[in-house]
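Just below sit the structures, each encoded as structure tokens.
Next come two complexes built around chain A: one with chain B, the other with chain C.
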Partner chain A sequence: MLDFLIAIVTFTAIYAMVSLGLNLQWGQAGLVNLGQVAFFATGAYTAAILTRANVPFLWAILAAAALAAVLGALVALITPHLREDYLAIVTLGFAELVRLILLNEKEIGNGPNGINAIPQPLHGVAGANYPLLFALLTLAALAAVFLFNERLRGAPLGRLLRAIRDDESVVASIGKSVLAFKVEAFSLGAAMAGAAGAFYAAYLTFIAPEMFTASVSIYVLVAVLIGKRGSNFGTLLGAVFVSILLEGSDFIKDYIPFGTGVQIAAFRIIVMGAVLMLVVLARYRTMVES
Partner chain B sequence: MLELVRQYFVSAIVVASALAPTAAGISLIYGVMRYPNFALGEFMTVGGYLALVLSAALGMPLPLAALAAALAAGVISLAVDQTAFRAVRRAGILPPILLSLGLMLILQNVVRIIWGNGSWQLNVPLARPYQLWGFSVTPYQLISIVVSAVTLGAAYVVLMRTRFGKAVRALADNPDLALVSGVEPEPVYAGVTFMAGFLAAIGGVLLGLQSVLTPLMGWDSLLPAFAIAILGGLGNVMGAGIAALIIGLAGEYSLLFVQSSYKSAVAFVVLALILIVRPTGILGERP
Partner chain C sequence: MTTELLNVSMPELETRHLVKRFGGMQAISDCNLRIAGGSITGLIGPNGAGKSTVFSMISGFLRSDGGEIWFKGRRIDGLPAHRVARLGIIRTFQTPHELRELSVLENLMVVPRSQFGESLAGLLPFGGRRVRKEEHEIEERAIAVLRTVGLEHHAQHRAADLSGGQKKLLEIARCMMCNPKVALLDEPTAGVNPSLINDLMEVIRVLHNGGVTVVIIEHNMNVVMRLCGHVVVLDRGAVMCEGTPDSIQRDERVLAAYLGSPP
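On to the complex of A and B.
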């Protein structure tokens, strides 16, 4: 039971970092991103490859975040004038493109077989208590991301991003470069997902393209929506909900007498889809865009 | 080499025939109700599997099963529209996009719960390919092309020759003008969502006829179908037909340069280029 709790905490912290990244892009700056999983995957693969080449974990996290940020900046740079719906399509497709590249370019990460035996940071230090240590490391990273986002909300940049979300032309009219801020917000959010990916790879010690499907982008979307877009604390709560739904069902699986593994996995995604639809129906009045 | 180029031409038309009806459905919803519906790929999947059940388990002949499956998919599409999407009609573009993502997850995984992750084959007898003007075509590929053309043609006639079609075109062209001219929007929206579900399901059966049914068939077709819908111009059914051929050809001829698993990536790159360079589509927003 305690093991399970530690696992849930770790997953929650990882999902929360990805979700906070999305909350920065979408909640604060109003940039719809249905492809957050692309940056998560970029981070996971970057860290996995680097740590396997004996690069220290801390450097691997930074590299994962940096590469994801560059990719995020690229997406933001080529789509600055896209309408919300087009941005939704392009980001969804972009993530699929990244997944296809990971699947096909075998020299990156062995294609569909993925990367295994990913080293874990400080392994051997804590012995049997290692999962607890890893959970604490992940929580520390989450705390850093959370505090950064909270500071940003109050900072001039945060106010500017919300102003861009509400009306771009106002920000442009006071002589600020809307594009530069959009790129900044998008790549910062991507970096958070990238860092989370580094923890994900180290935690599972195995990654494969099938773990980075569009569903993951939708899960973090649900986390941000549950927490009322824009609120960092709410996003945290949303991430708790999402990871309990996703990982908790693994725990109760042993107690359910019916259904195959595939069916239970499918069932929890159905619940996720239903939650998404219900949250939208309950909240759409507060989601109206200008 | 020349033989390969010829054969890719045939498979491009075959691929296009399965994607075109779905793309037409996406295009109609996008053009009239103004949101991209990401769940329409799943209506392909649902249509394909329903046809499988009706033909294999209930013993219906496949054409009848396909028609019944498409009608059922249309009804499901309409039912979800009335219970969920209708509530967010005036709430901007984001809520219906998010609803369609939720619906996508639900439909895909309902299929997975019932039929599992494996692939299923529609029960049709094996058939030898014909040789037509030097092209090698199986009977099912021919059927797929003919059914797709007839379906799109029928949708075109409905849009051009009926009162309903006139209202659809009016709402797609200029919603404000249509509303002040006394067009009742709700019945039109209902008709469009039914049509979209119906069209996508036909596309799903055709895809199943060409290869196999899998829970991911709709998702794998989604980006190409969006590329087609946007290239053809939103709300433009004939445009979707022509764009399907273009995307089909791009996808097949890309095989000369990249692996086949990149086919949907090719469609996405075309799509992204269109959106960034010419957001109104190449063929314009006409029905």
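On to the complex of A and C.
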């Protein structure tokens, strides 16, 4: 039971980092991103490859974040005017592209077989308590991401991103490059997903392309949508909800008499879809009313 | 004599043979405007004449389909909007574009460029003091501007909650906050409570006295007469005539254009 709790805390912290990245992009700057999993995967693969080459974990996290940030900037720059509708399509397509490359390029991560035996940081230090140590490391990283986002939200930079979200023509009319700020916000959000990917790889010690499907992007989208738009705390709660739904259903299946694993897996996708629809409907109504 | 010649031959802002099409519709055809530095120029004309479209092209929000735009001896057509704004040409919007979720004060505080607080370095722990100092200065200036337009009591309100007229005042306030060289004001008095129009004209005079060239689109002829030194009449996308407010008011073609009958 305790093991399970530690596992769920670790997963939640990782998902929360990915979600906070999306919250920076969408919640603050209004940038749609349906392919956050691409940056998560980029980070996971980068860190996996580097740590296997004996690069220290801390450097691997930074490299994972940096590469994800660069890719994020590229995606932002190739999207015409970073318009909402184009962004939705480009990010969705980009995530699929990344997954297909990982699946088919044997050179990068052994194609469908993925990368295994990924080293874990500080392994052997804590012995049997290692999962707890790793959970604490992940929570520390989450705290850093959360504090950064909160600081940004309260800073003039956050104010400007919200101005862009409200009406970018105003921001252009006062002489500020909307494009530059959007690229910056998108890139930062991608970096957070990249860093989370590094923890994901180290936690599982095994990664494969099948773990990085579009559903991950949807899960983090749900986490962000549940909270009040732009609220980092809301996103955190959203991430807790989503990971309990995701991981908790695996746990419950041993205790409930009905339903096979497959049925429960299908069930949680239905629940996720229903939550997404409810949230979007509620949002839509408040939007129409205002 | 020489200075007058210089003024005539070197307007601060000029459009030459400007053309804009929307699909098959020619909204602007061969529009030639010459705006003298330091003037208040009125741009008038019937609905749909293309006045706002000209502003959008000058300010870089719309790409022209032909012709040139010059500012202080420099060609500016083709520049993106934010680059035009950096040259000091600031437009306001006919329908107010307030930043809805921001407070009225924040609507002005986003204006100053290259704020340290808007850089990533400003987020670092040791950046805090510098950002606070900068914010303090910006806030003081923003409040001073709000005071000139009479919105200081609404500083903390959400901009979306302002009335239509107050939003128009906020448009002007944002323009003032930009320290413009040229202010392109698109119907600043439309929707503003008539009792406030005198104050609003005073605000525009203050702006002008600060050395700003003002171009103002305006349907209220009373405002045009009292404010503008020069009036340009636009009709069906081209300049129909121009001159002093008095001469324009007496021009029969202007009357005809407004009434919709052929000149």
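Just so we're on the same page, the second predicted complex is superposed on the first by the 279 of 290 C-alpha atoms of A that agree within 3 Å, B and C clash if a C-alpha of one lies under 4 Å from a C-alpha of the other, contacts with A are read in each partner's own complex, and residues count from 1 in each chain.
In this section, a contact is a pair of C-beta atoms (placed from the backbone, for glycine too) under 8 Å apart; a residue touches a chain by one contact, two chains touch by 3 or more.
Note that the coordinates shown come from a computational prediction; the quantities given were computed from them, not determined experimentally.
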Query raised in the report: After lining up the shared chain so the two structures overlap, which partner does A:Ala66 touch, if you call chain B first and chain C second: first, second, both or neither?
Result: neither
Report task. Classify the contacts of A:Ala163 with the two partner chains as first (chain B alone), second (chain C alone), both, or neither. Result -> second
Report task. Name the contact category of A:Ala266: first (chain B only), second (chain C only), both, or neither. Result -> first
Query raised in the report: Which partner does A:Leu74 reach: the first (chain B), the second (chain C), both, or neither?
Result: neither
**Report entry** chain B versus chain C as contact partner of A:Leu221, first or second or both or neither
**Finding:** first
Query raised in the report: Does the superposition put A:Leu82 against chain B (first), chain C (second), both, or neither?
Result: first
Requested in this report: Name the contact category of A:Asn104: first (chain B only), second (chain C only), both, or neither.
Outcome: first
Requested in this report: Sort out for me which residues of chain C touch chain A in the complex.
Outcome: 59-61, 80-83, 85-86, 90-91, 93, 97-102, 106, 109-111, 113, 115, 117-120, 122-123, 131, 134-135, 160, 174, 177-178
Query - Footprint of chain B on chain A - complex, ascending - result: 32, 34, 78-79, 82-86, 88-90, 92-94, 96-97, 100-101, 103-104, 214-215, 218, 221, 225, 260, 262-263, 266-267, 269-270, 272-277, 280-281, 284-285, 287-289
Report task. In the complex, go through chain A and note every residue touching chain C. Result -> 148, 151-152, 155-157, 159-160, 162-163, 165-167, 169-178, 181, 184, 290
Query raised in the report: Can you list the chain B residues touching chain A in their complex?
Result: 35-36, 38, 84, 87-88, 91-95, 97-99, 101-106, 108-110, 112-113, 116-117, 219, 223, 226, 230, 259, 261-262, 264-265, 268-269, 271-272, 275-276, 279
